[in-house]
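In what comes next, chain A is part of two complexes: it sits with chain B in the first one and with chain C in the second one.
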Partner chain A sequence: MIGLYVPGDSFLHRAPAGVKLLVLAAGLAAFGLLRGLGAVVVAAAVEVGLALAAGLGPRTVLAHLRPLRWILIVIGSLQAWLSGWQPAVVVCGSIVVAVLGASLVTLTTRTEDLLTALERGLGPARHLGVRPDRVALVLALVVRAVPVLSRIAGEVHQARAARGAQRSMRAFAVPFVIRSVRYADRLGEALAARGVDD
Partner chain B sequence: MTAPAPLTVRFDRVSHRIGRRTVLDGIDLTLTERRIGIIGLNGSGKSTLARMVNALVVPTAGRVLVDGLDTARQAAAVRRKVAFVFTDPDAQIVMPTPAEDVAFSLRHQGASPRAAREQALSALAGFGIDHLADSPAHLLSGGEKQLLALASVLVTSPELVVCDEPTTLLDVRNARRIVRLLTEMAPSLVLVTHHLDQLDALERVVVVHEGRVVADDSPAAARRAYLELAEERP
Partner chain C sequence: MRGALSARDLALVAVFAALIVVLGEAGTLYPFGAVVPITAQTLGVMLAGSVLGARRGLLAVGAFEVLVAAGLPLLAGGRGGLGVFTGPTAGFLLGWLPGVVVVGLIARWALRAAGTRGLIPRLLVAHTVGGVAVVYALGVPMLAVQTQVSISRALAISAVYLPGDAVKVVLASVVTAAVVRGYPRVLAQDR
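And now, the complex of A and B:
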């Protein structure tokens, strides 16, 4: 979701964000109820078809699945060992189907449109004291913060290595926490400067 | 058509303490020019002074008036007139893509999503970064990020832009570009800087040292005062 939108003009790109989120939720709920190898194969085929129709290349789609590989190896191995290969394929396939479905939404929808849809969807929760605009803003800040924190972690890791303390957890944790808190502080200041919460 | 008169910023016996440390000490200053610089050594209090104009910091004694508005009691009204640009654009950019970040400023002013996006794209084009509108903000270069921060601020048409060392993290070319855009596009400007060559574009420069204003003069005279301070033994 971190700024992964791929511009395009397919029907998936043009579909309203709220509709895509609803279809994703309903599709995954139905998929969860059906289960089984057949459901995995059908759902995966539908998603691959949608990805092709949206003009998303295999490289783009695979880039979303690559971070899952270690999780899939661990879970798949455990499942195969405990329950056999077929349950292992179903469990791993289900994870891939869920992530691929969510990726199709984020790849074809601007973050802003997703947040606007979310804000609209949370509208009724106003009666319960929830502020949908604040919820959307918090989610946007999370999306924005992930690459910044990742960069901080990389810089701290390099600084630690440069000082010959590669194995020291403390040499990583202390500066990382301090810099992250400082970033949060400056972000808060920037929001205040832009008039948020005035 | 004549440009509207610049905002008057008045520091009235302003002091600021953090714990036992005095950051600013009895500042009396009235700023009326369109192009004002603030310079000083590290830890002199210049950034705190600049932050007070946007009500990000309120004095522990005295008061700051922006166009007659007390920053301690009317912060929201002050921020509608005064925008702030930070040193590190990474902390200033709050949305994942440039178009969304500029649109965020406009949405906050009540623009519809569609109008905000159209205006955001137009603003980005004005800064020559419209081709990056939907790119992840974290992948932009330092110069592009600061241009985006500037676009997000100027799109709201503030009456005064306060910048706290906006070029410190940039190379010479990008630094010059940012200062040129600021002096061209900001109706009024307060620029905190360490780059003395940037002072030439300003009308008045205030030198801050150990929490006090030690010089308040033309750019050339202020530069001399600053360099004398820098030569002093610590």
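And now, the complex of A and C:
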């Protein structure tokens, strides 16, 4: 499965995932406390600088902001109408800054590295009965199961079309879920045979 | 603690997380022909709760969200990464976690209390409360905070998704009832 990571060799790429996560959290917390036009301008400038330093093109970065376009239009015009243009700029700017900062971490950090950082963070949860090795196993199984379920969905679609029930969502969802559960049963037996229950 | 999860539990958790992914793929589910594509991922969350129960359902949704946060584009429309957790709609995504627990708890009660009769109305309650009300209870205030509007305005903005949610509530209930009837083994070993 292809992640959103963009390969590179900048200092941002080389920085440890855990450090990037902590800096992001601290940065967004500070930004939330300051909140204002000045904070937006400074934070946006820092983020654009980091994106340039990481060698990320405007297209790559804007692709991450694209899903925000409708909410920005709605909120921007609502705020401009209710409270004036400056609050509108601050609110929309704050949303962009928060999403862009997080996207910089996503774009410069491998999925495996983020998961490893998470596993390390889960360490203390061991005392609560969380087993990091099992967490890693389940996540790997999800990635493995997606193409299998995609194929099942395709087959169920064809079967539904053959029965002339294209419009019935039920005629898709019921067999899709039952076949998925059957697949899970086989997968569970295979795991048990490999000693996962021990 | 109620004991470790069996291998079958782990498999069901992983497969339902994958089911949420696949329900977000384009073209999986078109309620009104191909005119209005709705993202069916909330349907997957509801089903994880009612079919797997609160505990395994929570783990399935959690696994899905961890992979999204780690940078896999698994949300509908190929979205993913940490940005979706810092954006204005993050509350809806986080609301799936308590949401699936509530769906699971009410659905378990529904399955125990009801025979075949009266099962679907109870499941409708489970999916409405857990899959919609709880999700909105987190999503709307977080949207209001990030966009600096009142709760009622944030609710009005979110209301465009309510018709789609209603469709998913009905579908999830009908599907759960059919799955329980057609494949009762899924509920065995349930905790």
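Here is the rule we go by: the second predicted complex is superposed on the first by the 127 of 198 C-alpha atoms of A that agree within 3 Å, B and C clash if a C-alpha of one lies under 4 Å from a C-alpha of the other, contacts with A are read in each partner's own complex, and residues count from 1 in each chain.
Just so it is clear, contacts are C-beta pairs under 8 Å (C-beta built on N, C-alpha and C of every residue); 3 or more make two chains touch, one makes a residue touch a chain.
It should be emphasised that the depicted structure is a prediction, and the values quoted were computed from it without experimental measurement.
*Asks:* What is the contact status of A:100 with respect to chain B (first) and chain C (second): first, second, both, or neither?
*Replies:* second
*Asks:* With the two complexes superposed on chain A, say which partner A:139 touches: chain B (first), chain C (second), both, or neither.
*Replies:* The second partner, chain C, only.
*Asks:* So, A:78: does it touch chain B (first), chain C (second), both, or neither?
*Replies:* Touch partner of A:78: chain C, not chain B.
*Asks:* Quick one: chain B or chain C, who's touching more of chain A?
*Replies:* More residues of chain A are touched by C.
*Asks:* With both complexes overlaid on chain A, does A:187 touch chain B (first), chain C (second), both or neither?
*Replies:* Both partners.
*Asks:* Which holds for A:177: it touches chain B only (first), chain C only (second), both, or neither?
*Replies:* Second partner only, chain C.
*Asks:* Per the contact definition in the header, classify A:48: touching chain B only (first), chain C only (second), both, or neither.
*Replies:* Touch partners of A:48: none, neither chain B nor chain C.
*Asks:* Output check: A:122 vs chain B and chain C. Expected answer is one of first, second, both, neither. What do you get?
*Replies:* In the superposed model, A:122 contacts neither chain B nor chain C.
*Asks:* Who does A:111 touch here: chain B (first), chain C (second), both, or neither?
*Replies:* both
*Asks:* In the overlaid three-chain picture, which partner chain does A:24 touch, first (chain B) or second (chain C), both, or neither?
*Replies:* Touch partner of A:24: chain C, not chain B.
*Asks:* Would you please give the residues of chain A that touch chain B in one complex and also touch chain C in the other complex?
*Replies:* Overlap of chain B and chain C footprints on chain A: residues 2-5, 110-111, 141, 143-144, 148, 183, 187, 189, 191-192, 196.
*Asks:* Enumerate the contact residues on chain A facing chain C in the complex.
*Replies:* So the residues of chain A touching chain C come out as 1-5, 24, 28, 64, 67-68, 71, 74-75, 78-79, 82, 87, 91, 94-95, 98-103, 105-107, 109-111, 114-115, 118, 129, 131, 134, 137-139, 141-146, 148-150, 153, 167, 169-170, 172-174, 177-178, 180-185, 187-189, 191-192, 196-197.
*Asks:* Can you tell me which positions in chain C touch chain A when the two form their complex?
*Replies:* So the residues of chain C touching chain A come out as 1, 4-19, 21-22, 25, 28-29, 31, 33, 43, 47, 51, 59, 63-64, 66-67, 69-73, 77, 79-89, 146-149, 153, 157, 167, 171, 174-175, 178-179, 182-183, 185-186.
*Asks:* Name, in rising order, each residue of chain A that touches chain B in their complex.
*Replies:* That would be residues 2-5, 7, 110-113, 116, 140-141, 143-144, 147-148, 151, 183, 186-187, 189-196, 198 of chain A.
*Asks:* Report the residues of chain B in contact with chain A in the complex, numbered from low to high.
*Replies:* The touching residues are 54, 56, 75-76, 79-80, 83-84, 86, 88, 90-97, 99-100, 103-105, 108, 113, 117, 134-139, 152-153.
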